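Each of the two complexes below includes subunit A, the first together with subunit B, the second together with subunit C.
Here is the complex of A and B:
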């Protein structure tokens, strides 16, 4: 008896979004990134089209990081402290599709850099690379509301993604994005209901769905990531089922979450049974990223160049069917 | 839920006048407003406005089609009027309707196959509307079998188990609810289900309350679509809330607003 592959029929697809603006579009990017348009669960080519595959943004900080494990630090030590050089290295040597610039120096608990300093950093990174940018604040709401309007303006018309709008703090970042022609990241805890509510609030501000990226906070492999998988998958299912307020592409933070867990950084003296440190973090990051790919994420924010390389290879295989 | 707006019907005075005066503006406004209010498709019924049913249907469908691009639900018992309406709708229509009578199915179902559009099948035969759910299912089964013979997919067949006014036939609403569930066991994939909702409250004093209460019950009993009044905000919001409570839509605090996006 012939076997027929059972197929789901979906009525809708993930929103297609383009990031970055070239000269013709009023910006200065030499390349843009288009994501979304997915018509099925990830990589099920027999059920629907995947017109644009997932992309990888390499995350850089605007100041030297503290306490990075050596297998990670060795790749970036020569450029940290110079975000423009760091961004260039990530693009030219590690093949980043996008740069995710985290304005860690603005943190009032740390360096407490000024809005002007942050804007200057952004201008230097905009000039240094031609790929689209994600610009993310320091995570302190009050400080981010102070710096993000200046940061947004420093990259005006480049069609960057600004991070992040949350249920309790979204007005300033939306106003900046609208004024300067950027997209926003709508951030929520790992909770599809709150994610949808943030999307409502942000679209109420006048942001179009095609100018929004969704981000639900997740952990790394081994730290509740199965639950993250199920929630992201449910988000994709809602999109395919026609829920317009959950059809935006998704972003996953992988690098910082994977390298945060002890399995990635604990020394071989402390944990000899876990194998060589130089490979552990890379494997942890690549495995975490792969899991999010299969949950339906469209943008992976990553750290380690070899993890990036592994995931890129995996994506190529999945996309070729 | 698939909402088919009921307002473009010659039974309503404003529509009747517009048909008689061949004035497109009120029709097009009704079309656009119903979509804005949450309708997914529009019922088009000439009603008693004129004796030239063919001419009026053609005009009405063309006028509505200029205003909106959603499916138009061509509502007539006359196969000739149906054909004219389907042609004017430009390939995006729903046939409303056939009964389970052999001669009606023989006229109407080939149109569904020819125009490749969904068809509503009423559980009515020569004897009229059956008294209970089992009688309705016998006719539904005949409708399903006739559609299969014509190559019409079960997902394109909408079974309407025919709701009658509660003040006249008080046992019917419960029988219809049972029928909705039974329709889902007819085949795999099953046919869709639909009701002409406002019938349940015809001639009653508290029409909106009865419509709203019954829609909630029907949605919870496998109703897929309804021909109903999208301008009734309480009705629409009760429907949206029911779908959230049934986990068919993802909850968020502003779930009414989310549905209307």
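Here is the complex of A and C:
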């Protein structure tokens, strides 16, 4: 035949990473999650293997969220305020592969919860569910540096992912991850060079590449999604091309970014031209997640249970081919 | 092998006559080298030169036009595999499927709905592109006339039946519909219809191999306006086939695959079709055919398309200066924002949702959002104060209160000194502006 399938000869693959530790490994997780190992651009089976496929973490907050739109709130109202119950619901009813716990209550401009309170929350969630955890601070560097060592210790040896190390603030979180056997999220603001720099700084501290997840910041559909899409794509290309310092799996925050966009939450009275509100946010979240899947992300952090199930279905379809 | 602009320039007439639409032969050569122009555009090129350049100078993917007049749709013409390498040209056309078995009033209503569907985003209006009239009861020839009559959008005529297609083309070929499709079974007849009526044609192979062969035959038969369909009807094979066709065209310059593709949004339910549609928009479809018709579903696809096809090199921007929301007067509030279109139009829409008229002062931040511009030092006390001084707002209002986005509250102190204006910190998200005007604004102004 005169036509040959144009395959790329990649020299490397995405780093394989396992999250969570079972009893045999010194933790108490009843399941672990393995991601990465991708040998091609996303889901191109004619070119290389996708041994593990992407996974979905459901994000929960350690306090009741403010101002969530009704189509989202209705699924979680019965459990918010109780992170352990929220985590259980996310796993048992919505099928979360992982729980992403955000310590929103630590925010000094909000509840300003203490390190002790946060550690107690961590313990309750560790006990409540058997899936691996992602533990994220409140976003205030100083406060996160104060609480993270305690939170990390409260989940010691569970092989959680701690978020996040940035170019300007990585030492405390790395030290905690190293001491307690966790992984760390390296964050950069949509900039591949900064991402690489953070990865170098963090490995210089003694973290192994297989203990690192990259987070390059997300924008929702209609709200910067294209920038995140291209950064994910470029990073995957760099990984396959053999750049050791960009081979870690990637994480994308989908739920909070998609639901920030007006199209996801504005009422029908305010925006009749956009159609009924019930579905818009779900659609927005599922569409945002889909674009990131095709750009090469490995972990999707999501909110709405129906968006989760639609995206899971999409992933299954891509993996089965 | 791809030729450089210099190689091409050597064989051009070098008269710089400008007939090709670019001022100089060298500029034309550069466009050719980048695959952004076709040699046909130069009327003076010699036959030998044309010979020497053929193949390497042709754009790797043909641009195909469907329809005529204002609503004609151009697809294809892509030059890269990844949008960051350059940009994707000619956004994927969205075709709404309308079955011929629908009762006529439902059919015309569906077409009218699709034609009227429009969404405003970043100061532009985006709609759908094609009506895919799908022959599911053998009545294409009868229904095509009605469809052509009510539709303001070009048609895709979907049938494998040659007689039905011929009947349809006889009544609507003047609108240059897309014939869908020539297959191995009807190849001779469909290709001659495409020639006879001078319409673009979808080539459908049962798989890539057959598609390749049929496409070569169509090229040999002298057809140029082709669209590729590999028959992939699940999300995984669609991704593989779309990728292989695009790569073969762009990287290996495989002529038979150098055409835009067609894909179908597939799924068990509407959201499944949306995710499938997003995949096809991101991964190379030239036309996306879908039976989705609800506003919420199509809004997401139109937005995904806008995002993926935005030029990554230059964000869509507005000019800096003073803008009016409603009919502001000397006492109306003044809002400060950046010149990133997404930012400006979000703020503008939110402000017009309040019952107050207002002035918006737009600072030139090279088209970046508030926080990006702040982090990049394009939205600083200096740039804001300078814009306030130079844009003329000081002559338009009597007060000296300016509202800044809540995200850059830290700028307020210094900005007051620098500008001489009283700075009011507004909400973080502009959606909070109407509420802010009702309550806090009056308390906080000087």
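Keep in mind that, in the parts below, the second predicted complex is superposed on the first by the 318 of 321 C-alpha atoms of A that agree within 3 Å, B and C clash if a C-alpha of one lies under 4 Å from a C-alpha of the other, contacts with A are read in each partner's own complex, and residues count from 1 in each chain.
Simple rule for what comes next: a contact is a pair of C-beta atoms (placed from the backbone, for glycine too) under 8 Å apart; a residue touches a chain by one contact, two chains touch by 3 or more.
As the structure is a prediction and not an experimental result, all values here were calculated from the model.
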Exercise for the section: Applying the touch criterion given at the start, work out whether A:140 contacts subunit B, subunit C, both or neither, answering first, second, both or neither. Expected result: neither
Practice task
Check the residue A:245 against both partner chains and state whether it touches subunit B (first), subunit C (second), both, or neither.
Solution key: first
Exercise for the section: Would you check which partner chain A:203 touches, where first means subunit B only, second means subunit C only, and both and neither mean what they say? Expected result: first
Handout entry: Partner chain in contact with A:256 - subunit B first, subunit C second, else both or neither
Key = neither
Exercise for the section: With the two complexes superposed on chain A, say which partner A:45 touches: subunit B (first), subunit C (second), both, or neither. Expected result: second
Practice task
Identify which of subunit B and subunit C touches the larger number of residues of subunit A.
Solution key: C
Exercise for the section: Would you check which partner chain A:314 touches, where first means subunit B only, second means subunit C only, and both and neither mean what they say? Expected result: second
Exercise for the section: Check the residue A:224 against both partner chains and state whether it touches subunit B (first), subunit C (second), both, or neither. Expected result: second
Practice task
Return the residues of subunit A at which the contacts from subunit B and from subunit C coincide.
Solution key: 234
Handout entry: Contact footprint of subunit A on subunit C as seen in their complex
Key = 82-84, 119-121, 208-209, 212, 234-237, 239-240, 243-244, 247-248, 251-252, 254, 256-257, 268, 270-272, 274-276, 278-279, 282-283, 294-297, 299-301, 303-304, 306-308, 310, 312, 342, 346, 353, 369, 375, 429, 431
Exercise for the section: Provide the residue numbers of subunit B that touch subunit A in the complex, in ascending order. Expected result: 249-254, 257-258, 261
Handout entry: Residue ranges of subunit A in contact with subunit C within the complex
Key = 1-3, 5-6, 41, 43-46, 189, 221-227, 229-230, 233-234, 237, 260, 262-263, 266, 270, 273-276, 279-280, 282-284, 286-287, 290-291, 294-295, 306, 310-311, 313-314, 317-321
Handout entry: subunit B-touching residues of subunit A, taken from the complex the two chains share
Key = 192-194, 196-197, 199-201, 203-204, 234, 238, 243-246
